[in-house]
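See structure below.
Labels run A, B, C and D following the written order; every chain starts at residue 1.
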Amino acid sequence: MTDAQTPRYALTLSCPDRPGIVHAVSGALLAAGGNITESQQYGSTGSPDALDASDGTFFMRVEVSTPEPLDGLRSAVQPIAEEFALDWTLHRVGTPVRTLLMVSKEAHCLNELLFQQRSGQLPIEVPAIVSNHPDLAEMAAFYGIPFHHVPVDPRNKAAAEQVLRELAAAHDVELVVLARYMQILSDELCRELSGRAINIHHSFLPSFKGARPYAQAHARGVKLIGATAHYVTGELDEGPIIEQEVIRVDHAHTSERLAQMGRAVEARTLAQAVRWHAEHRVLLDGKRTVVFA
Amino acid sequence: MTDAQTPRYALTLSCPDRPGIVHAVSGALLAAGGNITESQQYGSTGSPDALDASDGTFFMRVEVSTPEPLDGLRSAVQPIAEEFALDWTLHRVGTPVRTLLMVSKEAHCLNELLFQQRSGQLPIEVPAIVSNHPDLAEMAAFYGIPFHHVPVDPRNKAAAEQVLRELAAAHDVELVVLARYMQILSDELCRELSGRAINIHHSFLPSFKGARPYAQAHARGVKLIGATAHYVTGELDEGPIIEQEVIRVDHAHTSERLAQMGRAVEARTLAQAVRWHAEHRVLLDGKRTVVFA
Amino acid sequence: MTDAQTPRYALTLSCPDRPGIVHAVSGALLAAGGNITESQQYGSTGSPDALDASDGTFFMRVEVSTPEPLDGLRSAVQPIAEEFALDWTLHRVGTPVRTLLMVSKEAHCLNELLFQQRSGQLPIEVPAIVSNHPDLAEMAAFYGIPFHHVPVDPRNKAAAEQVLRELAAAHDVELVVLARYMQILSDELCRELSGRAINIHHSFLPSFKGARPYAQAHARGVKLIGATAHYVTGELDEGPIIEQEVIRVDHAHTSERLAQMGRAVEARTLAQAVRWHAEHRVLLDGKRTVVFA
Amino acid sequence: MTDAQTPRYALTLSCPDRPGIVHAVSGALLAAGGNITESQQYGSTGSPDALDASDGTFFMRVEVSTPEPLDGLRSAVQPIAEEFALDWTLHRVGTPVRTLLMVSKEAHCLNELLFQQRSGQLPIEVPAIVSNHPDLAEMAAFYGIPFHHVPVDPRNKAAAEQVLRELAAAHDVELVVLARYMQILSDELCRELSGRAINIHHSFLPSFKGARPYAQAHARGVKLIGATAHYVTGELDEGPIIEQEVIRVDHAHTSERLAQMGRAVEARTLAQAVRWHAEHRVLLDGKRTVVFA
């Protein structure tokens, strides 16, 4: 039994699967005075059709409340981490994730993220907004967030990305969110940000990759349109998917109307993905994600 | 005011758009003693961004109740049809559409279609079921429908398709439904059946065309899976889409489980498309469909 | 064929059902140089099980483009309106509906409505926001809308409502939206606003009427929660429903978390209802609504 | 690492919450040669707003694979069960749950359950179907299941229920499913079956309790209709909810059409609830359920 003031921590881990992991982890946490309040796991051994795979990976997320400080708890887990070759993270629940937002002209994703953050639904803090257009400066100001207008053209792209890197470093940024930032990042920057940058693609991937997805969707005559939030990787629109959502449309909707309807879906799909990431609920499993929602 | 015994008819039409169509159609129906009980329309002029298109097409579906017999009503519409260059159909509402079902081994789509038909939800009658495997003969027998086992192998494909053509002719078939029929029809047969055959593809098209879509979906790590009911055309998985549906999945679902979950979605997506077709609610607009649901 | 500059109008009507209405309406519009670009209808005669009802009501909404000014078109419809005893409205499409927003402390509905209005998705203009608390003044200021803080307590309720009436009169208000306004309006004011005021109730009505619906939903252990946008009438939470939406929840969600999750649903359900109302797509049918979406 | 032939077991438990439960359980399972392949938990300590509750209850479900037979594993858990005062069950995964189905005239739920069972999606076996009408005997015969026609009228209700009890005893029935059985069970029988009988109510509870819910829904003008699968208790339509689902409807749907559309929702909602129950994923938490889906 714990009380509301006791700190809570989120431990995430992945490792080669073998018996005893759950027992070892729960033992280490118990020894540190912890009470497990939430626990989820997934492994290739949990999947009957993969039982013959000798190289299964085990994934786990545990929330634990304990009076121990972060460092103390980290020390308690360390021996287990070595024994089981854990790839692990440990965060205090509720500590906001330092997040850089990148936008262009469209406001819907920015509005959703900032509104949710302000109203306490999204455990992030936003030290800076970067945009290649000035349009959203006023909205940034309303939320009291420094707005950096960094225009991009083919000749200065490298310089613009360098500004971004410096801002990220200066603000100790842990996460970059491309909230309808309409520039393609360089391969190099994508690699640097791998697993730490989330993009919203305005289609139900892998349908309609690339440009003008709503026009493509209209031409194909689909009956549902959607949005996909995914981690950025070097391959355009191919990063691990975190969240997807769709809505119903019909023949009478023009591609402009599809785009308008889609914006609401993009905004909430992106916000959901950012929330899960900021709550340390998303683990990478190759080109797929494990989401302990 | 009409009473319950008065026949009802569904009139569908498309034509080059111009003012006066609705007035002319409603006038012809009124002159034939008809009362319009349902009416839907769609046209390029209904779409603000297409207003400048000089070649807009107008689509309409009207349900009308009138004591006139079918032939009488047809004669009443004929002059309008010529004046406005209508592409039109007229059916008595409730007359079942003669439908040939084609299946292989999997029962879920067949079960859904036959159950819905039997319980009065699907205005079709099924004079024959054709399968390249014997597995579903018992289910056909339960519903009292003749089952034709027509094995297909690479050498006899043309002969098998000829059997199908003869059955369709003998039974005056108006619609062919590929209810998880696991053979690719020849281009020639696809063209013959164009607009009169509905297929269910077990993915959310245009994602995951071709074989093993659930395995593809699993590998890509999507968070929603779906099914697509579409008209058959010469291009595989490219026919006009009638209906699509999705369900949420997560990382823990194996591709086998995705397939199992997907079957329920396939069955109801296909049944919905067949229902709309059999109620004369689907009009072709190039590679898209207009569905007056 | 019309061009993009031609005005468009939305005509809504209801009347006792009888043959010839569609023909008469389309004739009057054609004579006024109009081209029908959208048309929807509903009537008791469209419902097979109601065919024996001699007192069916017919509902229709037509969009028409014509170079005629509003008054000219109104004159063209007038004779038909008398002949068929129409209850009708005629508006130019796109003319914003003058809307008064009423709020208390919670920002989510206000944020959604103002953001959608600003970004061109909601055909309303907002001359005033009234609140019984000062909390949302800053958001009103960001959107440049006058904010009236009108505190309410049991003794001054009548006076507070009088301020509201005067504001509505001064601004020629056509619609009042209760965007999580946490005061119950007097019966008298409810009657005055009947059909012109939309409320958002934070549950899937008729489940969980009254106070603290999320706590009620949690206690009952429901697996879906929702929101209901409805017209205000004298009976609390009993007005005609315009739109409802739900989301999935589970046992682990506290009632506080249900409330948080529900806010997003409330905001978009209310915005959808306001949109339909402002596009003149909602007609009253006794205690039900006809929504020509 | 385990192989596909290794038995898997589902352990469910609830107990007063205190630190150390997870560690103790995982330790007992590890000592029995077990590898945990799936684990879920829920407790009042996982719920921030309930932290002050000194009487929190902890719920857990674990799947474990081990070569141990069922009795051996049971013995391994027994000491822990006593130490922590567990209320627990242990089942071999895949062992079908012996299920008695009760029906009346409507076939949709029976068809769905039997089809899913036959195609391997539902881990139940059905030794008997009981009906107060003869209509569904043919469908039972198709699936090879004994059909017992037990008419019910006010005078013989007690006798009819006695037949049911005897059938349940004779077939060692673990679960009773009321698959649109249109008789109200006696309070006494409800109590006997508490937690072991699932009913499908054809509305989104707590809306529209009692008779003719679709007619009620139509009269109220709701925009979504639904179905609720719940455990049977002495209070009609008040038992713990296992699953709910909704679909969108509109003003044009008659109450008969609502009923028709609703049948598909009822069938799949009930099947989902039965599946979760039969996989030992549903635990009772007072009037609520914990579903480890």
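By definition in this document, a contact is a pair of C-beta atoms (placed from the backbone, for glycine too) under 8 Å apart; a residue touches a chain by one contact, two chains touch by 3 or more.
Quick caveat: nothing in here was measured; it's all calculated off a predicted structure.
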Chains in simultaneous contact with subunit A and subunit B: C, D
Interface numbering overlap (same over half, different under half) for subunit B and subunit C: same
Between subunit C and subunit A, distance of the C-alpha-averaged centres to the nearest whole Å: 37
Between subunit D and subunit C, distance of the C-alpha-averaged centres to the nearest whole Å: 41
Residues of subunit D engaged with two or more neighbouring chains: 46, 48
Residues of subunit C touching subunit B in the complex: 1-4, 17-20, 22-23, 26-27, 29-30, 33-41, 43, 45-46, 48, 51-52, 54, 56, 63, 65
Subunit D - residues contacting subunit C, complex: 42, 46-50, 204-208, 219-224, 226, 240-246, 250-252, 254-256, 285, 287-291, 293
Residues of subunit D defined as touching subunit B within the complex: 107-108, 111, 115, 119, 121, 142, 260, 263-264, 268
